[in-house]
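First chain A sits with chain B, and in the next complex the same chain sits with chain C.
Right after this comes the complex of A and B.
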């Protein structure tokens, strides 16, 4: 069982910071092929600012994650700033004040975050964006949880589905974001945003249960 | 005089654009302008909190026009509207105009004391001079300017007088008035230069952000096109059924963005014992039955209040293809999914 507090969420963000840092060059390389070659450095800059936050200064998981969202909004710079910021702000708003983090609560928060991202970016599944990672992850999570799986097993199912969703962006033609300017030429490239968002879900699976 | 905010990935680009536009007017008639651009002097990027600070800096009762470059500039500006006071956000228009041409048009028009909607319209027309010079008749002939908007002269132009614009209830009246007609009706917001929206979808209409003083343009085609235009004309003459002074009565902030963004997922724990997912046709039948049940319930509520308009809005949303279509698509794909 996981106690829902700022420290739990800080563990998630610390793990994610490490993963983003190690993979920053790879993310930027993906973005160079179909975007503006800054996704990795933008995310690394944002996560560095997030890592400087002290979880001890926040009295709830929601308060900490909202600050994380606002920090990303102000430091990432590209479209990932408002998109990741919205995702975490909506995710945080849907969390209960305290208690144990349950699978049901995580599903509600994840779906609130996804609704926020889709409303902000006007993207749907299949547009070659981070939504292509998030929607399959939510579906797998809900299916596992409604079948009786606990938070850990549901997160693990979500992480596998997120990775599959990320890989499934390769043959897609981008319909949103900078890559959409390329039209057909965006095909056969893995989407950078879908790639970093898969890291977010995989990191959650490692740290939240 | 209105204020102007310039949002760009590059601080140098935004500052230079402002300087270029300022050359067009006398210093004492220049509108207040603020720049929210770049993460610092040399790092490209946009920051929603910086945009919200710029909006506060130039705010006045006359309102503010925001001109943006591309991508995250638009997302950050939309997010900034959620950070500022809702009353301030009501006075802000995000312009779809090209940054340089739009800014020059906006500054010149604003310096004459023009209203926010007039300045927004001129900014949206900022490419007109360049198009004319190059012999490109209008946006629809320009291959680069892809738009969903129908071509030609609109069948109806109407400046909205409703204090809260085309919010949920009047929009629902419009959707209801067209139901059953064999016509394709497209509505656009000429003031903001929006793309056209399908008039049969309440959520699409809401996304147009049609507020008081904005001009809506309507294109209709199909066998019942004339009837459709007549019905909308009648509705418009009647103020779309809004009471003359609906202050405090209309839903707050309904015209500011897609209704969709304002819905919260309702989490329930339905009793699924004995439920077995079946084939797509049966599942879709269940969906239809559920929609009919909710519709009957909403209908029964209409008699209980003096102004049933909000229930008409909910009924229109209930059958809005942009929502039910997604559910039908998932069912068609063999998905059975319900809230946990």
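Right after this comes the complex of A and C.
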């Protein structure tokens, strides 16, 4: 059983900051192939600003995560800023009050975050975007949770599905974002946004259980 | 890379300081938010016009701030959308009680950041914000399977025409309708002879052989429709105009014809190309009501140009002729 509070969310973000930092060059290289070669450096800049936030200054998990979302919107730029910002803002708004965090409550928040991303980016699964990581992750999470798995096991299932969804973007032709201008030439490349979003889910699985 | 810069990380901030040194008699600079403002903003009762986008397209957009055009422009990093904080600051600063129109070029990052800014400023400040998203680039053929057509040359013409209408006191609904008419009646097509070099990248975005050109180029070095052999000015003009006329019928009304240099193509060649384009249009029974030739929406140091045609009824021609006084465009006053 996890106790939901600002510190728990800060643990998640601290882990993610480390992962993004280590993989920034890889993310930028993926983006160079089908985008504009800045996804890793943009995400690293944003997570550095997030890491500077002090969880002790926030009276709830939701308040802290909303600030994280706004910080990403203000610092990441490009399309990733609004998408990651919207994801966390909507996720935070759907969280319960601090205290016990159940798998079902987490599923509600994750679903709200994904709805926000889809509304902001107007992307659907299969468009070769971060939605291709999120939708399979949510399905796997909900299936695990409805089968009686706790938060830790449900997150673990979600992380595996997120990684599969990320890998499944490789053969896709991009229909949203800058890669879409490449048409067929976007095939055989792994989507950078799907890659960083898989890190978010994997990081949640490591820290929130 | 050979560029007159001090540090790749401060190119935009340094350029804005330089603009301020040159233009502080008529423009105001919010360096924290990288926003360029009319000195007399906000004007009470006038709809505020805000645009913005990545830097590297100068004089667009900061060079179009002033009488008869924009009230504010947000400068992003080179080829990177500004963030909502910048747009919110600009919007709040130019709202004179009649609402604000955002002029946004259709790129994924720009659209999302402006959307968020509009939502947040409406919530926080109670300002009514409407948006026009320009998407005139015929090089992107299948909008169903892409992020849609890119906003290019029509954006410059729209900022002039809608800016003049705002100066006359038209309200936000009327301006939005006019903006939709301008965007819907304009089409563009570009060609690159060389790549541009983004300062932070340090090397050209793509490479073209000595005898090649990229037809349908975007203003950030995005790929075009196809890479073909370089032709004569007459042949290239034919390809560009043909792509535009195949997309929209321009025989029904006079047009504004806009030849835009992308940064490194000299005015000598731009005028030469205008002559070829005017001849082709005449041959197709299309009347040119007004024209604009020059480098107004650039792509850093890219060689090449774009052609934009805009259906221009009497209202649009009158608004085009109205006085404008900005660093990038000035006539009638």
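Quick note on the criterion: the second predicted complex is superposed on the first by the 209 of 209 C-alpha atoms of A that agree within 3 Å, B and C clash if a C-alpha of one lies under 4 Å from a C-alpha of the other, contacts with A are read in each partner's own complex, and residues count from 1 in each chain.
Keep in mind that, in the parts below, a residue touches a chain if its C-beta (ideal position, glycine included) is under 8 Å from a C-beta of that chain, and two chains touch if they have at least 3 such contacts.
Here the structure is a predicted model, which is why all the values come from computation and not from measurement.
Novice: Clash or fit: chain B against chain C, after overlaying the two structures on chain A?
Specialist: Clash: chain B and chain C overlap once superposed on chain A.
Novice: Going by the contact rule set out at the top, does A:120 touch chain B (first), chain C (second), both, or neither?
Specialist: both
Novice: Which of the two partners, first being chain B and second being chain C, lies in contact with A:96: first, second, both, or neither?
Specialist: So A:96 meets neither chain B nor chain C here.
Novice: Should A:111 be classified as contacting the first partner (chain B), the second (chain C), both, or neither?
Specialist: first
Novice: Classify the contacts of A:18 with the two partner chains as first (chain B alone), second (chain C alone), both, or neither.
Specialist: The answer is neither, since A:18 touches no partner chain.
Novice: Check the residue A:78 against both partner chains and state whether it touches chain B (first), chain C (second), both, or neither.
Specialist: The answer is both, since A:78 touches chain B and chain C.
Novice: Mind working out whether A:86 is in touch with chain B, chain C, both or neither, as first, second, both or neither?
Specialist: both
Novice: Is A:178 touching anything from chain B or chain C once the two structures are fitted on A? First, second, both or neither.
Specialist: In the superposition, A:178 touches chain B and chain C alike.
Novice: Is A:37 touching the first partner chain B, the second partner chain C, both, or neither of them?
Specialist: The second partner, chain C, only.
Novice: When the two structures are overlaid on chain A, which partner does A:145 contact: first (chain B), second (chain C), both, or neither?
Specialist: It touches chain B, and chain C stays clear.
Novice: Overlap the chain B and chain C contact sets on chain A and report the shared residues.
Specialist: Looking at chain A, the two contact sets intersect at 38, 73-79, 81-83, 85-86, 120-121, 177-178.
Novice: What does chain A use to touch chain C in their complex?
Specialist: Residue list for chain A touching chain C: 36-38, 73-79, 81-83, 85-86, 120-121, 173, 175-178, 180-183, 185.
Novice: Given the complex with chain A, which residues does chain B contribute to the contact?
Specialist: That would be residues 9, 39, 43-50, 70-72, 75-76, 78-79, 258, 260-261, 263-265, 267, 335, 337-338, 340 of chain B.
Novice: What does chain A use to touch chain B in their complex?
Specialist: 38, 42, 70, 73-83, 85-86, 103-104, 107-108, 111-112, 115, 119-121, 139, 142-143, 145-146, 177-178
Novice: Okay, in this complex, where on chain C does chain A touch?
Specialist: 76-77, 79-85, 107-109, 112-113, 115-116, 140, 145-147, 150, 201, 218, 220, 222-223
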